[in-house]
Amino acid sequence: MNKIVFLIQCPDQKGLMAGITDFFAKRGYNILHCQQHTDLQQGRYFMRIAVDMQDLKSSRQELEEQFGTFAEPLSLSWSVHYTDQVPRIALMVSKTSHCLYDIIFRQKEGDITCSIPLIISNHPDLEYVSDQFRIPFYCLPISKENKPEQEKQVQQLLKKHHVDVVVLARYMQILSPEFLEACPGSIINIHHAFLPAFQGANPYRRAYERGVKMIGATAHYATADLDQGPIIEQDVVRVNHELSPQGLRKVGKDVERQVLSRALQAHLEHRVIVSGNRTIVFSHEK
Amino acid sequence: MNKIVFLIQCPDQKGLMAGITDFFAKRGYNILHCQQHTDLQQGRYFMRIAVDMQDLKSSRQELEEQFGTFAEPLSLSWSVHYTDQVPRIALMVSKTSHCLYDIIFRQKEGDITCSIPLIISNHPDLEYVSDQFRIPFYCLPISKENKPEQEKQVQQLLKKHHVDVVVLARYMQILSPEFLEACPGSIINIHHAFLPAFQGANPYRRAYERGVKMIGATAHYATADLDQGPIIEQDVVRVNHELSPQGLRKVGKDVERQVLSRALQAHLEHRVIVSGNRTIVFSHEK
Amino acid sequence: MNKIVFLIQCPDQKGLMAGITDFFAKRGYNILHCQQHTDLQQGRYFMRIAVDMQDLKSSRQELEEQFGTFAEPLSLSWSVHYTDQVPRIALMVSKTSHCLYDIIFRQKEGDITCSIPLIISNHPDLEYVSDQFRIPFYCLPISKENKPEQEKQVQQLLKKHHVDVVVLARYMQILSPEFLEACPGSIINIHHAFLPAFQGANPYRRAYERGVKMIGATAHYATADLDQGPIIEQDVVRVNHELSPQGLRKVGKDVERQVLSRALQAHLEHRVIVSGNRTIVFSHEK
Amino acid sequence: MNKIVFLIQCPDQKGLMAGITDFFAKRGYNILHCQQHTDLQQGRYFMRIAVDMQDLKSSRQELEEQFGTFAEPLSLSWSVHYTDQVPRIALMVSKTSHCLYDIIFRQKEGDITCSIPLIISNHPDLEYVSDQFRIPFYCLPISKENKPEQEKQVQQLLKKHHVDVVVLARYMQILSPEFLEACPGSIINIHHAFLPAFQGANPYRRAYERGVKMIGATAHYATADLDQGPIIEQDVVRVNHELSPQGLRKVGKDVERQVLSRALQAHLEHRVIVSGNRTIVFSHEK
């Protein structure tokens, strides 16, 4: 069943819910799912509302214009998503395959709805995965000298392939602020630690040295501040003294791939709203 | 901030959300929180809606009559709860104190909102707890012969103390169908296993013998079918071969008390709707 | 570093540990890891001891004869495993790929040490996976009529490929007692429920109907009693009323594949001892 | 059953296990439990060995002298613990009761084996808890001016009551390096965050602002570096955007009390060995 999903945020005010649901009811839409959140700290209101696409009697543009007219006096910030438009994602990787495989696998199984027009890597190592699943693979090596040039090539690929979401599936490079700004869609990164613990390099080695009893992973939107972007999903796994740094790395891979896939799924299902440096992640509807 | 909470269920139909929110908006209520669920299997719709009690301009009875009039043509089943009416719970126990302490502790800390006018037990062992917290304690021993009589005494105590919720906090007796039917409010039980595994007696011993790798606990509404009532909350904890049946029992206590307290909290916050033998448990709003 | 691993069980008695470690120390072995468990209920003692293979100064046969001579008066049951002998596993599947992919992926990554000489299925659907990873695929359809014949063919394949472990990675067929008896190595099955809850068919549907708040998966050794064999590993995931039976199935896949892979890994690392219908699973050493 | 527990660490070397177990076997001790760990990074070996106290045929002093003589050439660092000597703990608190109640409750239930001769607080608020359980309560208010004096009084109380372990059960004061050095026994602290994330003040507020999806707690040995001591136990709980800083605080209390109690239990059962800034925590034997 196809849906139209609106993500809305605005200053909290009386009558929002009745007003918004009335907008859709008056136009004959069946509301399939509606979730709200009021942030009392900030005085802001957030809503995700999904209606039945079959009830769309006008053009999409018309609907959007009508909602825009409705939204303006209420100061709503909003975006609209049609589930018959399958999002296009680019997977950026370096040398480790666990996150890459996990996303491709879930996409094949129908658990993540997207198309994957390309894989980009700074190393040739994972080309065999793209062969297995017949996804075009672009190897763009990076060095101190060619970084701006390489990032430009990446941007061109993203544009050419109409990419909506870039997934840094263990792409072990720091993207420049210029890249981040120029990037047309969202960028989701996986950090192999429970942020804000162990930001930056070598988190497993540092987790070992600190002697923590759980290790974790964090999926977040990439921003100009390294490992500081809004967190979408986190998880941890219990460890003990028997695990070396290398052992932590092995155990951590399972958490990394799950956290990244869950975050990507939430994003692709239009369940995430960013508010400052925090996210509202609405729950499933399956 | 005091709230009026409506719990609603009805056959799924178009326009419910707009209609219900409009009912409150038209009367000037600020909707503080609203959660919905549509059960597509059963074609049923569920809603929890919390409005600001300050916006109540009529008597409570008037509001309820108006909502009743509104609800009838839509075939809504509903209940209304006013958070300034503190629910009264009776704790029924036998000999183990962990669930008893946990509930009393959370109530003292303000994490569970209720009053505890009495503790009822079939054994004298835990009277000291009631002394510590100055809660009246009724010891009503039970035997094969006096069971109907004992249950009658319990019912009288529940009525006399205007009890809304009975919590079986490891009360190791099976309540008769007559008792369950006569009981004015809800009855919440904790079973020391992950239902439907290990229904009935000696779950830890049987879990040990089956060699399970996790043990659990289940809080559910008590019904005439033993351990078959609608489940409110469950949780588990990892165990291994090092634990004897006695060791499982010790480890399990932590899960039992948390599961029961979380279930009780959800019930007292009017976040639970029963639908057949399943429950809809809406999330927190803190 | 290659190791020799002994798995030992016997009636509990004084001096076992000193005696066994002395056996190895006298012969110049460095003990790399040693774990014990005493089952006080049964009066049985269990040990896993790993020594450095470099310290082997005799033939393997000689070592085994010497240990046999040592073991007899103490009534030790024991097995010995050399980590330079890579176990060979057969993957049996039907139509769903999540467990299949997960095991292959972990083997490729070096997290599970084994070779996979063949995949056997009663359906042709997953042949593409075997193509992707260049693993021979045998499609042996099954019907009421040909079941004994089909199982014979499977047995022949297992023998021909010198298979040590059969992994039922969502092979949706019940194996006959004859098959189980004839099978040369261990058989590990994944059941898509938290056993002993929801044994048999349609566990997700039944979990939905019972309204459980967590669903799980169980990996166990297959025995003649369906879903009754010794449990190696279990895990669960929290669910709520928003998930339909189909939604539970999707969420459950993640637990299934992890539980099966962890169980297989424990088995292949010679960390599991079966005792009656229970297992002792010793921890990692990474 | 009473036990003698040795905690041992030393440079890794061949023959340790056989040598140590032989020491006890030769003297007629039944080894009830023995756990080892080899830290390959540091080349260090760790052992916990528990023998049956009934097999003690000499004086304790004699046993210790004999073991000392045995230990010296192997460079063993070791300590010995007799389970018939019940450890004495001091609980230090400020205003919140959840950790205090949890420890007292577990001690009453027999899940934590210790005596609690006193509670020390810098505020009078929790005296009622000490009344309920008849534990002497010392209120020693603290200010900038009297801090050295107050700490001296605390030290005198600890000495007078022969305290083995100080538990900072949400004692919201930073102990001076002088206090830490003078303290005769171990000091265990609970920090209300998943260290090393959110060290220092206001972790829940900062967790809220960072938008983390899980919050945690950490029990560690207190050292001169604030929140930097060796970690004994950690755990986390999933949270979401619905929780305010105050909501996180409420939810976090459950994790705090469990983490602290589990750490204390491990310490009191002589299952913890400190190695640099890391801990080896051996598992249960129940």
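The chains carry the letters A, B, C and D, assigned in the order they are written, with residues numbered from 1 in each.
Here is the rule we go by: a residue touches a chain if its C-beta (ideal position, glycine included) is under 8 Å from a C-beta of that chain, and two chains touch if they have at least 3 such contacts.
What you are looking at is a predicted structure, and each value in this text was computed from that prediction instead of being measured.
The chains that touch both subunit A and subunit B are C, D.
Repeating the A-B interface, with the same residue numbers in over half of the contact pairs, is the pair C-D out of C-D, A-C or B-C. Looking at which of A-D and C-D shares more C-beta pairs in contact, the answer is the pair A-D. Distance from the centre of subunit A peaks at D, each centre being the average of the chain's Cα atoms.
Centre to centre, using the average C-alpha position, subunit C and subunit D are separated by 37 Å.
Inter-chain spacing, taken between the CA centroids of subunit A and subunit D, is 41 Å. Among the residues of subunit D, those in touch with two or more other chains are 240, 242, 244, 283. Partner subunit B is touched in their complex by these residues of subunit C: 37, 39-41, 194-198, 208-214, 216, 230-236, 240-242, 244-245, 277-281.
Within the complex formed with subunit C, the residues of subunit A that make contact are 97-98, 101, 105, 108-109, 111, 132-133, 240, 242-244, 246-247, 250-251, 253-254, 258, 283-286.
Within the complex formed with subunit B, the subunit A residues making contact are 14-15, 17-19, 21-22, 24-26, 30-36, 38, 283.
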